[in-house]
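Step one of this worksheet: look at the structure below.
For clarity, chains are labelled A, B, C and D in written order, and residue numbers in each chain start from 1.
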Amino acid sequence: MTTTPPTDAGSASTGPTSGHLNVAMIGHAFMGAAHSQAWRSAGRFFDLPLRPVMRVLGGRDDVRVRAAADRLGWETTETDWRRIIERDDVDLVDICTPGDSHAEIAIAALAAGKHVLCEKPLANSVAEAEEMTRAAQEAASRGVHAMVGFTYRRVPAVALAKQLVAEGRLGDIRHVRAQYLQDWIADPEAPMSWRLDKDKAGSGALGDIGAHIIDLTQHITGDAIAEVSGQLETFVKERPMADAHAGLSGTVAEGAELGRVTVDDAAVFLARFRGGAVGVFEATRFATGRKNAIRIEINGSKGSVAFDFEDMNVLEFFDATEPDETAGFRRILVTEPTHPYVGAWWPPGHGLGYEHAFTHQAVDLVNALAQGVEPTPTFADGLQVQRVLGAVETSSDTRTWQGIPV
Amino acid sequence: MTTTPPTDAGSASTGPTSGHLNVAMIGHAFMGAAHSQAWRSAGRFFDLPLRPVMRVLGGRDDVRVRAAADRLGWETTETDWRRIIERDDVDLVDICTPGDSHAEIAIAALAAGKHVLCEKPLANSVAEAEEMTRAAQEAASRGVHAMVGFTYRRVPAVALAKQLVAEGRLGDIRHVRAQYLQDWIADPEAPMSWRLDKDKAGSGALGDIGAHIIDLTQHITGDAIAEVSGQLETFVKERPMADAHAGLSGTVAEGAELGRVTVDDAAVFLARFRGGAVGVFEATRFATGRKNAIRIEINGSKGSVAFDFEDMNVLEFFDATEPDETAGFRRILVTEPTHPYVGAWWPPGHGLGYEHAFTHQAVDLVNALAQGVEPTPTFADGLQVQRVLGAVETSSDTRTWQGIPV
Amino acid sequence: MTTTPPTDAGSASTGPTSGHLNVAMIGHAFMGAAHSQAWRSAGRFFDLPLRPVMRVLGGRDDVRVRAAADRLGWETTETDWRRIIERDDVDLVDICTPGDSHAEIAIAALAAGKHVLCEKPLANSVAEAEEMTRAAQEAASRGVHAMVGFTYRRVPAVALAKQLVAEGRLGDIRHVRAQYLQDWIADPEAPMSWRLDKDKAGSGALGDIGAHIIDLTQHITGDAIAEVSGQLETFVKERPMADAHAGLSGTVAEGAELGRVTVDDAAVFLARFRGGAVGVFEATRFATGRKNAIRIEINGSKGSVAFDFEDMNVLEFFDATEPDETAGFRRILVTEPTHPYVGAWWPPGHGLGYEHAFTHQAVDLVNALAQGVEPTPTFADGLQVQRVLGAVETSSDTRTWQGIPV
Amino acid sequence: MTTTPPTDAGSASTGPTSGHLNVAMIGHAFMGAAHSQAWRSAGRFFDLPLRPVMRVLGGRDDVRVRAAADRLGWETTETDWRRIIERDDVDLVDICTPGDSHAEIAIAALAAGKHVLCEKPLANSVAEAEEMTRAAQEAASRGVHAMVGFTYRRVPAVALAKQLVAEGRLGDIRHVRAQYLQDWIADPEAPMSWRLDKDKAGSGALGDIGAHIIDLTQHITGDAIAEVSGQLETFVKERPMADAHAGLSGTVAEGAELGRVTVDDAAVFLARFRGGAVGVFEATRFATGRKNAIRIEINGSKGSVAFDFEDMNVLEFFDATEPDETAGFRRILVTEPTHPYVGAWWPPGHGLGYEHAFTHQAVDLVNALAQGVEPTPTFADGLQVQRVLGAVETSSDTRTWQGIPV
């Protein structure tokens, strides 16, 4: 990206550096920790054409952002994201903030010539996502690229599933069933957080986790959802307030005020794919006992695949061209050197964890930027997911089927 | 039921017998074989107040019904079901025919004072089911009882699930997800059969297997579906004709004529239960690699259960009142003497198979009849399932949500 | 077997009957119930050349044996097994007594020209088993046949495993690991029973359940164990006495006397197979939480199979000739019509239970007798298992490796 | 450890640094990559009293070690390990070389006042391990500490298993069954490597992977193996030679010379624990289809645990104090903040991977050093494992039971 050697001396550095990709990250909560580990690890396991440098961490509170930078390994900090996109020593802006600020930051960063990696969902509304996509397309014409962080695409078992579909091993796709099951607010006493506030989060289970299974199933099948009939549900409508900064692990004070939950606890919808497949989707934070169960099963005329993130190193594959006698779902341990991404890591049977997909995302992004090709998923991909999310919400409100414009 | 001793001498026998329950079964295909094994086995493992006697087998073709009676162990045969309900030596009529004849036979049998066990789905239309239910209610006032064969209720793991819900171990039910997945016609070359003909079968996957998961989820939760939004799909619209009698295993002649598939290959629907739970249902014959996967997962505020018929001796149970450290889905091997029905069979770990639920059905029916109480599921239960099936069809046709009348 | 028609009139019948196989069973506890269901069901699902007739049930106590015959469906009873083998209307004697009476009954029955099915283990000592085998070989020369009841061979998934090995799908066999895990006496307060008394039972876990995994692994691999190093263990050396007839479900009186456990609670041994495979075996009644876990895994140069009876309708198969990318253990649901025995039962996915293997055993035995071929496993097979059991005991006593004579 | 600030300037740095722990690592193959990621990540997720600094990487070949240091993130390099232990800017020596050099390096490093982390197995012979243990005990008296890298102890599910045993949840331990199953040389054409050469590796499957299950079972149970009867097997005695540096992924040239395999391909042994538990162990590189299946099951009088590294985020736990009705093996997803180590990482259900246990090892080691307490497992623990390994070898050679001295 840049042409002079990096210094390792922190904020004194002012210019772009040769053979390096200077990264600024905005936001330092859960996603920030995952992205930091990815930027730190990518070049240690993969041969990268550019070495990522963890240049700047952005956060609103000076004390907290400095502590986070120290912990997470960022050289310098900023408390105003506008300062970050003005800096010459930043090549890429990695946006890990809540969805309500994605559009403003991403559009400004792209305008300033910075590549952008934006966490999902792309935005809190279709309108914002459209604006971002236009900005990304305009930037692309200048060689500035944007990517949205549907990280789970880079779990090796998911990448293998896509590959099997692409190779025709499943034949015509007839059924898509996808669930994203969590239970972290199944307890009515779990506290309010920004994730339960529509203004911040845009939506609840639908946008937070439903977005992932929409993207994953479209990605794996290579198809797109054409129309939906959905239903959103908020089981617990008021919750005790917790410290604004406490996030997922927030604790609740005795006699805490109640806050109004303005997002969905659960979202379910039927879908029809353009290619004729029938889809059933469910995203919920109330599936007691399920912690991060991203379950995808796809049935085609020649085979099926099944995946569950709670056993993330495994892909089940049924090959209907086998004789009946020995046909069965194969539990493929996706840890072979021939499997996507795996060769860079450990020997067979030595599984990967949650954060590895973030490293793969960083690797693919760096490679795309170095080669000058568009990284995927693009903002247009993110917009299409946003349109499905919007259609599900409208469908739920109007109790009608809703089409998704191409 | 009857007052004189049974003879074991076959068709010469003419009268009712004391301490026995004289059974007539109509139909002798797949369901007939399962019911026969149930009538034969029930009294060998369970203490029954009445001993079932396999008195008459009914079938249209004389040669075939005689061969079937010999194979399946029925004493006598009839080729006209009307003759059966006229016979004095018949206490109970077990209807194992396709759905289009259920109403006529059942209503006539009840009118003739015969108890009735009727295979599911109860009928091919709501109107028929209503008429049957009225007949059953009238008969009940005369001490003549009717039951519909939602057999899977009597799988021990299912019965245990219901028990755990009834004991409050799951708390408030929030999610019901149910799938009935088969793949026996996923191959477009699989032949036509009466099960794919709307006139005979009423509906396809929806009525044949969807009916089971509607009944099971309502049974386990003790709740009822209030409204649905559904979609039916026929992936393969024409199929080669096979021999009319070939059934599931029918083979197709070279250059066979094509027959029109007039039922659904797959049915999916969203549901709202009266108690507020959100349901997602899927019944299909196109889930490549899934053979008889009846999968039910129910999430409540205090726990969850999960069941898959492909591992039918197991119920998974998550108890959210456990400390996080040791909480997890328990794989309960439902083979303990304390589990429903199991004490009559084998020691722990010695699992049961598909047909055992039919034996349990026979046992519960005989006990109810001996005690003069109404056996369940009743025809009214069957009617309610029929109404859900009807609502799903209407919803699919009209692309609207449909309520189910109480 | 016999030449005149059967009567259904019970003990008045005196002669052999044409087209039928008159069966006498001795013993009516757990095994008796399983065998009865097998004799009753075999001809209902399979085309048999001879129809089994459940002619006589033998037991020591007249009241109890009559009640059992009524419950289990036997026509007549005897209280002295010697009377049974004198009866003309008995073609086959099915021995379901404890091991200490196997030799005497079997040898006498064979001498009297009755075919014999003998429960496993064949005997309580190698010497007895040798005598029985000699008697069987002599009888065979007269067309009278003997079979030992290693029933689990006839579980379809086990039969499929053997078939895959025989077809060369596993290549050279290198590892055999076999466990038979139960926990029914893990509780030190579980009562004494004849199964814990060496005089009656011969041995404990070793002979009762270890015998099964010795037979199964030799059967599946087509190989034989050449030498062993073993260790027997009795964890709980005294137990409260229960009613002598109570068996597995015996209850213990307050302040019951203690009885001495004279058999092993657990047996473990290393084995070398003649073909070079390395074996590890474990049989125990103290594997808390495991109920009837017969687990067999066999690794060859080209593939592997794994089986667990607690999920008895499944065989896992790994095919190492697959490309790494899609290789994985396949969960074969052994419920296809092409699978051993399965075509006679239900459609795919409708699993079988514990007792079905007994039915398959009856079917294979009847077919062998009708064809005049030797049924397997033979008494010689049972003797070979007995020799392995003996070698394990000697090895444990002497703490040396022990060879098994060919 | 040290008293002046670290510089980040690489090899120019000469002195110890305050608040930091200067680490030197020797060896940079598979283990080196895992240890590097651990040293890099530990302080990013855990609050450490000392910040690890990746100061020096040692390797024999200058070009290769420099490339490795660049890739793995080490500041400086050395080609002679003796130079490393002379350096003042090294506080801890992390030994990742083959077993034949462990003793010499570790003893010298401890003598030089450097803490030592040594990969397992501790040495290639009991004699070496004894010498190392004496050196470690002497060093400990000077505040210099040694630890052996039985990393799997720090997999959260394993740590939870140990905790449950320690809390008495399993009662008296009766059965230990442990398997470490791999298949990377099941193919006879897989090339020779140093791991198959007794001079380098000491032993084969026994020491390489058997050592892990010996340590793990003793660690979890808190008990020690008292005696063993074992058998080693080399299925393939000659293999084609590969490039000496190619390691696991080595390729074989056409017509390559054959090298003699001098270690075991598989090791099996029976064990008796001091507390009376019966153990069965199996370590093999020939378990076709098993990639890194570390399977441990422990049965006690009150409960059982089961673990399989191929599903490493799960511990199965059976609690026999539960009523039979709801008892079952619980699939505990060991990803809760209350589980060992997990709180530092991701939300529930977001699993960890293979290398995380190395990070936990680094964290525990840094904490122990900062607190001046002895890190575990100690060299004495490593010696005890070595004695078990030695006893198994002797047992296999002499075909006798062998005791392990206390």
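The rule is short, and it goes like this: contacts are C-beta pairs under 8 Å (C-beta built on N, C-alpha and C of every residue); 3 or more make two chains touch, one makes a residue touch a chain.
Every value quoted in this text rests on a predicted model; they were computed, and no experiment measured them.
Traced through touching neighbours, the fewest hops from chain B to chain D number 1. Counting the residue numbers that touch the partner chain, chain B and chain C have more than half of them in common. Of the two chain pairs examined here, C-D and A-D, it is C-D that is joined by more C-beta pairs in contact.
Centres computed as Cα averages put chain C at a distance of 44 Å from chain D. Chain centres here are Cα means. That of chain A falls 35 Å from that of chain D. Shared contact sites, meaning residues of chain C that touch two or more other chains, fall at 290, 314, 327-329, 333, 337.
Within the complex formed with chain B, the residues of chain A that make contact are 170, 174-175, 177, 179, 183, 186-188, 229-231, 233, 235, 266, 268-270, 272, 276, 278, 280, 282, 284, 286-290, 297, 299-304, 318, 320, 327-329, 399-401. Looking at the complex, you find that chain C touches chain A at residues 160, 164, 169, 314-317, 319, 323-333, 336-339.
Only residues 8, 30, 33-34, 36-37, 40-41, 44-45, 71-73, 182, 184, 248-249, 290-293, 309-314, 333, 335, 337, 345-356 of chain C touch chain B when the two sit together in their complex.
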